[in-house]
Structure formats: structure tokens, C-alpha cells
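Here is the structure we will look at, set down as C-alpha cells.
Per-chain numbering from 1; labels A, B, C and D assigned in written order.
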Amino acid sequence: MSLDEIMKLTILTTGGTIDKTYDEFQGSLRNSHTVLDVILDGLRIPDLFIRHVEVMHKDSLDMTEEDRKIIAKAVCDAAPKSDGIVILHGTDTLADTGDYLYESCTDLSIPVILTGAMRPYEFRDTDATQNVTEALLASRLLDGGVYVAMHNRVLQFPGVKKDRQARTFVRN
Amino acid sequence: MSLDEIMKLTILTTGGTIDKTYDEFQGSLRNSHTVLDVILDGLRIPDLFIRHVEVMHKDSLDMTEEDRKIIAKAVCDAAPKSDGIVILHGTDTLADTGDYLYESCTDLSIPVILTGAMRPYEFRDTDATQNVTEALLASRLLDGGVYVAMHNRVLQFPGVKKDRQARTFVRN
Amino acid sequence: MSLDEIMKLTILTTGGTIDKTYDEFQGSLRNSHTVLDVILDGLRIPDLFIRHVEVMHKDSLDMTEEDRKIIAKAVCDAAPKSDGIVILHGTDTLADTGDYLYESCTDLSIPVILTGAMRPYEFRDTDATQNVTEALLASRLLDGGVYVAMHNRVLQFPGVKKDRQARTFVRN
Amino acid sequence: MSLDEIMKLTILTTGGTIDKTYDEFQGSLRNSHTVLDVILDGLRIPDLFIRHVEVMHKDSLDMTEEDRKIIAKAVCDAAPKSDGIVILHGTDTLADTGDYLYESCTDLSIPVILTGAMRPYEFRDTDATQNVTEALLASRLLDGGVYVAMHNRVLQFPGVKKDRQARTFVRN
């Protein structure tokens, strides 16, 4: 698409570290709701029309095959009416979901960009804002396919894994 | 270039709103030094090798034809040794510099991305971090040419102007 | 008063550096509205009942004798119904207003605490939040009188001046 | 003491929610080091000479009678050479430590101020900065005794407890 056009973007949120919030009663971090709207409020995105679907609120270590099927269905449903799709996802099994989407959603004519964070958005030195900013821009610049965008890297599926030591994603 | 490679990026800083800092003695905003390093410290960019050149510290309304010549020379000098160039620039005459670079730097094989901010970085609700994040990613994803990246938009020169009312850049 | 009681606090805002906000159209700092509510939203003050009076929006260098009379009248009006009064004020002539209030408001049985900031609240490294936090606590702990609270200092009028070099308040 | 004098303050850190930091490898909050220096760096406290003692790094739910004895010894050691003492402490058993100090440190001629936070400092909407600011000012304004300062309240021991529902401290 042209780079300065109005764009229709679907954002699917699934939980993950990026969305973990602090419960003052329990003193612990939990996936209870998404912080996407707060992140978007801090960005200037005058040409984006956003449709936000809360698919689930899960630590990605707890995601099952059934959960990935639900995410893939949400992607297939959204694809025909969107110019791009961004998915907020826990990083621990993000690569599994990326591979799953690559297998299930063939003939994708739009970019599907997975992203997440190593540190929850509620922390002042989070990487969430950077990663969402990058995913939003990547959804505008890339061709059809499944990608992860994070830490100034964009990697296309298949062939991506998390490097736990470096705390980011790399090519297989 | 491939999307997950080590990249050699030259960043030129010239002043502008993005770099305005507060002088407590005078109670006013001034272009005295660049905040680029502070912005970069807040980002996770493990695959970027950055070379930073402070070309000048000017409000872009005060830039002369001579200043634009200096910026163009810095771009020409940097192009052969860089995979991409990002320029931090005041927004008021950013489009003039973009046109000037488009005219002077023909046969650019790398992307040259201009960016800036409507609100200085030192303010908590600045757009500087978003715009620098976008410029860094755009420098990785775009073909050779001169662009402005800002507010989830990427526009290629020539044919770009500032929309003062909307406080962003649009196509002519 | 006892230290854990519900307290009725009047806050008068007059402008000053603390309240300067950035105008993106002009690219300059102005006193157009107060940021007090945003500051208070960020604090946990469950036992304070606050009544906020916007007295004026002025750079304190522009304040006249007439303006100080208006502020003194607001203090006299608020004193009988308040347990404490906090005044947000520009630092350049804060000491003049403090002396004026000391002269005009004799027999004060409640503390009147002036405060302000060396760097506007909209900047990320502002001292506004610290100073307001201190003024709110000082209004709870001090006896009747006129004071400035700022930078972990509390000084009682008369006999206070701004130290321009150190950018804070000191005893004469 | 006079309100504008140079002050010698001992700060004891013991752990607690205020000091919990995020471990990206484990994805969890832990008490591994103190954030006190970062908090102090953000404040303007030109007249404070601070001596910082890291007594322990514990969730206060894990504190034993032996731990409280260690804290009390640190207070007794610091009292003769300090004008005030501030203790950063987990809120869950802060009132137990306050009572213990009240019993063990009789004839205190300086204020000993306990404080903490309901939300760790690393979170952007933490109450840690407010509470430390208040404790630092209270240590300057109060007479000898043991207190908790938090959320614009100052309460003197004995007779203080945590109100878990309201997530703050109240009188018994």
C-alpha cells in the first residue's frame, strides 16, 4: 500500500508480559486486562483506523494448541477486512504461534506482525512502547506474511526463535 | 538489506524542537545540545552500530541555504560507509531540507530518513521517542531515497510539506 | 491538628514556571492553564479534601501590586474555612508575595505554604511533583504562619529570598 | 531543629515492595537490590547529607524477630550521629517493626520515620517517590519518636496498623 494512506489495522491482544499489571492486594503481576489503549493513547497515529479484539489474557507459557487455533481463527476472520494485523503476544511461545499462523494462514496478502515485550508496559523502562511503535510501522511497510517486530528487528516466519539469553528474537 | 542483519547507521543531529532543552536560569527553551543519546539509551537496538554526527544545533527557522549545504555534504560523506542515514531536524523547514537533499544527493542507494518532533524530548508527552523509533525502523525497511518518518507515516521526497494545522507532514 | 485527621485544604494557583505548558503551534512555553489536577491525580492523598481556586495565570515577573492584593484577599477569604492553604506561585517574585502575605494576613492560625518549581511540570525531570508533595505535607505539620516549602526546605516568612545562582530559596 | 539547616540523615533500606525489581529472565518481581539511589537522584535535596545503610533485602512477610533486632540495632547505632532516620520497609509488617522500635529505642531525641510503597518504584504509577519525599520532609519537621509517613499521613507509634483494604496505614 502507499505509505501515507489511511490504513485499517486490526490489533489482537492475547496477554503476555507486555500486558501484565500489578495487583496491589496480592503484590504480584497478573494478566487480567490489556494495556493496549494506554499505549496507543501515547502515540500519534492520525492515519490509523484501529479495531481492537481482546482474544484472551494469558501468559503465553499457559497457551494450548486450542488457544493457537482461536488466535488463527481471529486472524483469518480479520484478514479480509484489514490492511494489516498486529498481535500482542507473550514472548515465551510467540515463535510457536508465528509458526502456527504461517502454516494455517496461507495466501496472506497482508502483513501479520507479532510483537510483545520483555518487561511489562507498567514499568517505566519497558520495551513495550518501542515494540508496538515498530509493529504499527512494520504493518504499513511490509508485504503479506507473518513476522515478529521487536527491538529494531523484523523477522519473517518460518525460521524464528526466541534467544532466551539475549532476551530477543533471532533467526533459527 | 536483510531484515535481521547488523546495520551501520549514521545519525545526523541538527537541532530543532526535538532537541530543545530547558534553561532554568533563563526560564526558556533553547537548542544548546542534543538529547539523542538519552533517547537511544531508552531503546533496545542490539543490531545497530550507530555513528552520531552533531552537524549543528539550530532552530530550523534559522537555517540558511548554507546550513542545508552543510547537511547535504554530511549526507554525501556518510552515504558510502552507511547502510542508512537518519537526520534529526526541526519540522518547520524539514521539507525544505528534504527537497534539497533529493536534489543534491542523486543515485542514493540507501534510505535517508528525516524526522523530528512537535514537542521537545524533555517533555513527558513528547512525540520524539515515537518518531526516532520509527525512523530507525524505516531506515532498515526502505529502499534508497529521501523520506520523512513521523507519526506512523513515511513519505518520500519530493512532494512533502508540513501541515501546520494538523501538526504533522502530508503529501503535497 | 492531629496528624491523621481529615484535612480541608485550599489550593490557590497563580501561574508561574510550575504551570507553564508547551504550545505546539507557537513552539513556546506559556501560562495558559494550571496543571494542578494532573499533579494531584498522581498522588495518594486519601485524607485531603481539596478546594482549588484558580486566582490567575501569570508569570510571576509580570505580577503587580494589584495582583498581590488579589492573592492576599483570596488567602483571607479561604483562611476561616480551611485547615491549611497552599499557593502555587512563580519563584521569581514568590518571596515578594510571601512578605506581602506576612504583612497583610496577621493572626493567621493556619499554615499558608507557598511553593513552585524551577522546571515546569510538563518536563520529565521537573521538581514540581516533589515541591507540591512537600507543600501538602507541610500544610499538615506546621503551625500558623506564611512559609515556602521547596527542595526539602521549609522557610518561614519574613526573611526569605530566592538564591538565583543555587536556583532555590534561602534565608536572608 | 531549625527548618533550613544542613541535616545529617541516615537512611536504612530493608527491602519491601518499594524495592522490588523485575527480573526479565524469570519474569518475576524480586528483592535483589535497592532503588533508593535512583529515587534520591530524582529529588532536589541540597541541604541533606545522606548516609545510606543497606540492612537487608527482604519481603517484609519473610522478616523474623531476628531481622527486627538487626534493624533496631542499626537504628540505635545511627541515632547518636544523625539528625533523623528514615527506614524503607515492606508495608505488610511495617507496623510490627514500628512497634518493635518504639519498645527498643526509648528516649529517642530524633525522628525515626518508616515508609514504603504499595507499588514498586519501577512502576510508572508508583507511590514510592511520594512516600520517600514525605519521609524526608517529615524527618526535618517532627520531634523525637517513631512514625510512619505515607500518602500525606504521618502517624506516630504505638497504635498504627496497615489497613489492607484501603492499602494504607491508619490509627488502631
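Please note the rule applied: a residue touches a chain if its C-beta (ideal position, glycine included) is under 8 Å from a C-beta of that chain, and two chains touch if they have at least 3 such contacts.
All values derive from a computational prediction rather than experimental measurement.
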- Which neighbours does chain B have in common with chain C? none
- Query: Using each chain's Cα centroid, which is most distant from the centroid of chain D?
  - Reply: B
- Note on the structure: Averaging C-alpha coordinates per chain, one finds the centres of chain A and chain C separated by a number of Å equal to 45
- Using the average of all C-alpha atoms in each chain as its centre, how far is it in Å between chain A and chain D? 40
- Query: Where the CA atoms of chain C average out and where those of chain D average out, how many Å apart are those spots?
  - Reply: 27
- Message: Where in chain B do residues touch two or more of the other chains?
- Response: 118, 125
- Message: How do the chains pair up in terms of touching? List each pair.
- Response: A-B, A-D, B-C, C-D
- Can you list the chain A residues touching chain B in their complex? 3-4, 42-48, 118, 125, 127, 129-130, 133-134, 136-138, 140-142, 149, 151-156, 166, 168, 170-171
- Query: In the complex formed with chain C, which residues of chain B make contact?
  - Reply: 17, 22, 24-25, 27-29, 118-120, 122-125, 164, 167
